[in-house]
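Common to both upcoming complexes is subunit A, partnered first by subunit B, then by subunit C.
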Partner chain A sequence: MVKDKATVVVVGGGATGVGILRDLSMRGIDALLIEKLDMVNGASSRYHGLLHSGARYAVKDQEAAKECIKENTILRRIGKSCVEATTGMFVQVEGDDPDFVDPWLKGCAESGISTRELSKEEALRLEPNLSRKLKVAYEVPDGAIDGFRMSWQNLQSAARYGGRYKTYTELIKVNIENATVKSITVRDNVTKEEYDIECEILVNAAGPWAGKVAELAGLECNVSPSKGTLIAFNQRITNHVVNRLRKPSNGDIFVPHGSITILGTSSITIPDPEDTSTSWEEVEELMKTGVGVFEHLRDYRILRVFAGSRPLYVPKGAEGGRNASRGFVTIDHEKEDGLKGMMTICGGKFTTYRLMAEKFCDVLAPKLHNTAKCRTAEEDLVPEVSEAEKKAARQYFPSYGVNLAATRLGVEKFGDVVKTLKEQPETREVLCECENVTMAEIQRIAAEPTSHCVADVRRRTRLGMGTCQGNYCAIRSAAVANKLFKNKFEGCSDSLSDMKNFLQARWKGITPVMAGKTLREAEMTRGMYELLFNVNGGRRG
Partner chain B sequence: MSKSDVVIIGNGVAGLMAALVSADEGKKVTLLSYGAGTFPLNSGVIDILGYDEQGKAVNSPITGIDQVPDSHPYKKIGMAAIEDAIKYFKKTVADEGFAYTGSLKEQQWLITGIGTLKPTCLLPESLQGSRCFDASEIVIVGVKGLKDFYVDMVKENLAKELGADKKYTTITVDTYITGRDLTTRDVAKWVESDKGYGEFLAQIKGQAGAGKAVIVPQILGTKGDYVVYKKLSKDLGCTVVETTGMPPSVNGIRLRDVLLSALKKKGIRVVENAKAEKAIVKGDKVTAIEAGGEVRTQTYEADKFILATGGFYSGGITMRDFGEYKEMVFGLPVEGDCVEERWVNKQLFSDKKQAFSMAGVRVDDSLRAVDESGNVVLKNVYVVGRNLSGYDFCFEHSGNGVALTSAYKAAKA
Partner chain C sequence: MELEERARDSADNCIACTSCIVACPVTKANPEYKGPKLVGPAHSRMHFSDPSDYEDTLMLCSNCKNCDITCPNGVSVSTLNMLERGRYLKAHPEAHKPEDKMLSHGFEMADMLNKIPFGKSLANLGMSIGEALGVMGAMGMAPERKTPRYASVYFRDLFKTIKQPSSDKKVLFFPGCYIDTNEPWVGTAFVQVMNENGYEVLMDNRFVCCGSPLVVGGYLDEARQHADTNVAIIQEYAQKGIPVVACCTSCSLMLKNEYTELFAQSEMKEAAKNVWDAFEFLTMLAEEGKLKKVNIKSDHKFIYHAPCHLRAQGMGLPAFDLLKAAGLNVVNADAGCCGMSGSYGFHKDNYETSMKIGQALFDAINADNYHKVICDCGTCRMQIQHGTDVKAVHPIEILAKAYKKA
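Then we have the complex of A and B:
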């Protein structure tokens, strides 16, 4: 049954998809994005969050390096509240190849990436945790970028231009007549309902799943998902992004995000992008490399370990894995395969998502006789909450959560939350102490039609992402939020099951590091939920 | 410092119990205390065995214990010591005016802070949940500003456990304390004060009455004396039931204070802030412990030592990296199945025991640590409580039970 219609349907709610939705909407093209689970389910959150300066690619891929530095500058401007302008450091420690420095400097210069040499003393003063075996250090304009927030802000921006999106809506079939895409069949993964959406052009922006989506249209698209593992530490070990100055390899980069630091990554070719498992061996490999740069690394508490897969596009006969190109491709299936009304975009990086969308839409728009120019670099993603509004909000906000909430929520929702805090003082209760999230904010987000379980609320608020990893806020958020969801996701039908699922998702990230201080945390979690709350139920037997 | 007969290291349930029993044996006891133990977390109810190997509810702990595997601490402690330990504990707390109900024969049920039921063996009367099974109406009382007790959630789960034919009502009382979030301890203090009690009673009285049961968080006073509980039951004319919930646990602290009071009466020397750091060993015996005090390290000599340092949670055992176990005071052998496929279950709330929770010191039937061939490592050192290997206190609900009974056995040895 046909239930919806759009000129363009974009499949995939990662950085690439949301970038395209925004671009098309700004050009005045009617577009709808569908995402099979919650937004930013794939690589765009299961990643390192480095806003590349391009320096990492300066030797091997200057094309990519140039794109990075250009986009880096643009994203800092249009997505201020998503970027932490940390600056980055490239370092060598004893044993690293000194001959790599000159070509790297030359590559940076040619790509337009500024570098500044730091004396050992200065580098150690800026980053006191760095290894005493430090040899050389350079500063580059790297930064950190919040994938969830950036993606959601793209959606908000698109929505202002009429762009639409649906979460938990999975493409399951492409309906083709006369070698032309007529419509698609989707499944609502919350209600399980299946229905059709008519479209003129179907955009496959499914990242590492792009190969599977192409298969649904009977096409072959050689995407080789390449899994990378990342470790999140419970400290801001460094204020700069720290890169190892050598030929890119595993465990080279530390990226600070708020109060945590992420170390990564690796590159293993896997058959199924759903595979986000991690092993002791992968963790140990990263740690072993990591201690070279931060020698006390093993003393920091690990919060969690996670993995994601890169959507590497491998042209026939080429190499996969770390040696595959980090560039991207636009495939017009009409030209390539004789199927009208379908295009695929694949590969690339988060940092260059906007540019990818621009180039892709430059090919797509003329097909619809649209000649509008790309304007995504000119306009901020979302309007910022003004200082005056923040100041006024301070009297209702418990502790010091105003700034965090303002950047998380954006103007409109922030206004709603402040109003609730003012009118209903009981909603000032801080449910997540690690990330300073109030009951009012959780209620506001839970009431949105895209929220179906506590995990959805987590991704929009950062609830449970901090030090306690949900130990304390799981019960609170489940009790407060679950009853507000209009449709509930599978297995989250009541507050108890939702709470268990939420804790289970956190558990997945800590099992690979069940040693050291994590053991203590785990005994605490189990004691609280299995003993004090007996979540597995009472008189079972 | 004069020599003791027994030095006990650790001040959790196991350490305090070991000290009391040792003193009753006529021994001169020194207890080295450090940190808070799990009292403020563990709700102060004594689980003996809530669930069997398959995860089925155990109706009679004594029968359940019979069926645990040979590697389980209960098999080493033995039924006789378990029964005596329970008797001893019940008498000790009753003498302090904080009698516990329950026995090894019949499992007790309490109501948790989310409205599920939890099996336990011994518990204060105020927490005994089965008293509300026959009530016609359940009145769930929340407190404004108190986190972690959500009346709707309690109602939803309790109705599932007790049946929808009862009536369930919820109310939320105001403490009139403003400007901050509250813990159960804050609210318990309020209820304990004359003014607070009056305000509390006034807000719930209209809802209570004969045939009903009133469910509250752990807020009926901070002390283990039943004063508030008895008064409230009388004033409301109905059953009042406390629940277990998120730390800080008022009842855990009640139990700690009650046990410490008993310790004081027996003249047991408790050294505060004395973290045992090193053992002095002669041959196969320990002669003394060095413990860091606030100012300097002290040496504590004794003939016998009981190690009650609480395993992974309290830092008695650490594992910096996979398989690198360390018992922190004596360096005793720790056993555990630290193999990637088995160490942690994929599911947090699993239908199997978690291997990491079963890791601990390997002991023989005398509760002394043994090496791989079964030889006692240190002749005068006994290991108790969470330090022991071979049981998953969360899966089977047995934490304070193993702590109490192992401490009793070690103290008697």
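Then we have the complex of A and C:
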């Protein structure tokens, strides 16, 4: 049954997909994005959140390096509230190859990436936790970028131009007539309803799932999912992005985000992009390398560990894994495979998502006889909350975190939340104490049509992502939020099961690192939920 | 300095268990204060980053240290609060209260008055007039309180007139500001007690204020200078085998624990080993059988209040135990914080909270017909005398009197 139609349907709610939706919408093309789960579920949030300066690619891939520095500058401008302009450091410690420095400096200079040499003293003053075995340090314009926020803001921007999106809507069939895509069949993963969406062009932006989407159209697309494992530490170990100045390898990058630091990554080729499992061995490998840069690394508390799959595109006969290109490809299936109305975009990296969308849409738009120019670099993603609004809001916020809430929520929702805080003082209660999320904010996000469970609220508020990993906020927020969800999942329709699922997902990231300080926290969680509340329904005898 | 010992990093040990909120007397009295874990530990996870979006209630912590005492994971919660407060005030000097400078720099005023003929008497007169005219409130001070009066002769000068038998066994006295400039008789009592036990007491006027009031006022850089000065002197005497003893539990806590927690220097940790609280030192003598025995004979009933900064030292209640063992009829009030917490209760804005916190202690004191309250801390004694009609004395005064009688 045909229930919807759009000129272009984009499959995949990661950075690539939302970038394309925004680009198409701004060109005046009617577009709809579908995502099988919640937005930003895959590689676009499961990575270190580094806004590359390009310096990491300066030696091996100057093309990528040039793209990065250009996009880095653009994203800092259009996505102010998503970027932490921390600047970055490239460091060498005793034992690192000194011969790598000159070619790297040359590569940076040729790519237009500014570098500034720091004396050992200055580097240690800026980052007192760095290893005393530090040899050389350079400053580069790296930054940190919030994948969740950046993607949601792209959607908000697209929506202003008529772009639409549906979450928990999974592509299950591509309907082809006369070698032309006519429509797609999707399943609503919340209500389980199946229906058709008519479209002129189907865009496969499914990242590591691109191979699977291509298969539904009877095509082949050789995507090699490459798992990257990352460690989140409980505090800001560093205030700069810190990169090891050497040939890129595992465990080289530290990125500070808000109250945490992320260390990454590994690169393991896996058959199934759904595999986000992690192991103690993977953690150990990252720690072994990381300890070279921050010598006390093992003393810091690990919050959790997580993994995502890079969508590496491997042309036939080429090498995968660490050595595969981080570049991206646009495949016009009409040219390649004789299937009209379908295009695939694959590969690339978060930092260049906007440029990828631009280049891709430059190919797509003419097919629809649209000659509009790309404007995504010119306009801010969302209007910023003004200082005056923040100042006025401060009197209603029960705790610090006005800035955090303002960047998370954006003007409109921030205004709503402040109004609720003002009119209903009971909503000033901080439900997530570690990340400072108020009841009002949770209510506001829970009432969004895209929110179906507490985990959806988590991805948009940072609820449960701090020190206690959901210990206190799970029970509080499930009770508050579950009432507000319009459509609920099977198996988490009541507050209790929603809470259990939420905690289970937190637990997944904790179990591989359950030792030392992390174990203490875990044991308290277990004590509270398993012993005090008996959530697993244990019985005597 | 090992990472584990740096207060800053001890935030990593916080499992957000909320014990500190339960134990916090300020949270209980003033619900506006969200509680310790949401201030120091939460903020210090963000360390190095821009302190522009800060918890206003950072200013409400009294630094009484009940959070540190209760924390099951050894997090220096209150020190983290102070570090974050200092960092915030450094970036936002406009957030200082007008009275902060005065309350944190009492030692400067005291030194200056000592140099002016009749300075102290004039200052005391000024305070009486000020209180009568109600101008204290305008300065940000709680108008309900009587400002402590300066002694006509400071202990540093009084000490020179005390005749002591010379001895090979020596201790260096760290008087602290309050005993030095307001209650010199406590210092005199200390000298008497030590002399009775065969010790000669030394003074070194290079000592400066321990820095505790500077820390709570957010003046961390100055506190660091004070710490460096005092630590160098303590180490100098340590080399000569002369221990440093203090009668004020806030001073001794500062010298013993807080310098290291705040500034993480190994020499501070080393110097701390040479510092004792007076009754901790006397208890050590008693355990070695070296304390001169005394039997306190008194028909009166006493009540003892253990200062928070004594309990934070984790050494039991040496004064209470020693006096009780010596025969004094004394009960432990066991009523929590008095609410004064150094200069905290002097701030006009904190007065109500301060008195609310102290109520349990006042009730315990008023519950029976106690002759005197015994307490090791000067500002606790001030609060007790403000909140009840019972006189409060330092335990060393009781012991000195008992030796004198014997």
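In this section, the second predicted complex is superposed on the first by the 536 of 541 C-alpha atoms of A that agree within 3 Å, B and C clash if a C-alpha of one lies under 4 Å from a C-alpha of the other, contacts with A are read in each partner's own complex, and residues count from 1 in each chain.
Going forward, a residue touches a chain if its C-beta (ideal position, glycine included) is under 8 Å from a C-beta of that chain, and two chains touch if they have at least 3 such contacts.
Nothing here was measured: the structure is a model prediction, and the numbers come from that model.
Q: Could you let me know whether more residues of subunit A are touched by subunit B or by subunit C?
A: After superposing on chain A, more of subunit A is contacted by B.
Q: Touching A:524, do we find subunit B (first), subunit C (second), both, or neither?
A: both
Q: Touch check for A:269: first (subunit B), second (subunit C), both, or neither?
A: After superposing on A, A:269 lies clear of both subunit B and subunit C.
Q: First (subunit B), second (subunit C), both or neither: which does A:301 touch?
A: So A:301 only meets subunit C here.
Q: Have a look at where A:258 lands relative to subunit B and subunit C in the superposition and call it first, second, both or neither.
A: In the superposition, A:258 contacts subunit C only.
Q: Which partner does A:7 reach: the first (subunit B), the second (subunit C), both, or neither?
A: A:7 sits against neither subunit B nor subunit C.
Q: Is A:402 contacted by the first partner subunit B, the second partner subunit C, both or neither?
A: second
Q: Scan A:511 for contacts with subunit B and subunit C and give back first, second, both or neither.
A: Touch partner of A:511: subunit B, not subunit C.
Q: Tell me the contact category for A:430 with respect to subunit B and subunit C: first, second, both or neither.
A: both
Q: Could you tell me if A:222 is touching subunit B, subunit C, both of them or neither one (first, second, both, neither)?
A: neither
Q: Enumerate the residues of subunit A that count as touching subunit B in its complex and touching subunit C in the other.
A: Residues 430, 472, 520, 524 of subunit A touch both subunit B and subunit C.
Q: Quick one: in the complex, what on subunit A touches subunit B?
A: Against subunit B, the touching part of subunit A is residues 279-280, 298, 426, 429-431, 472, 475-476, 478-480, 483, 494-496, 500, 503-504, 507-508, 511, 514-516, 519-520, 522-541.
Q: Using the touch definition up top, name the residues of subunit C that touch subunit A in the complex.
A: Answer in residue numbers: 3-4, 9, 11-18, 34, 37-38, 41-49, 52-57, 73.
Q: In their shared complex, at which residues does subunit B touch subunit A?
A: 38, 41-43, 47, 51, 55-57, 109, 112-114, 116-119, 144-145, 147-148, 150, 152-153, 156-157, 161, 181, 244-247, 249, 311-313, 315, 318-322, 324, 340, 343-344, 346-349, 354, 356-357, 393-395, 397, 399
Q: Give every residue of subunit A touching subunit C within the complex, in rising order.
A: Touch list, subunit A to subunit C: 234-236, 238-239, 256, 258-260, 296, 299-301, 398-404, 430, 433-434, 436, 466-468, 471-472, 517, 520-521, 524.
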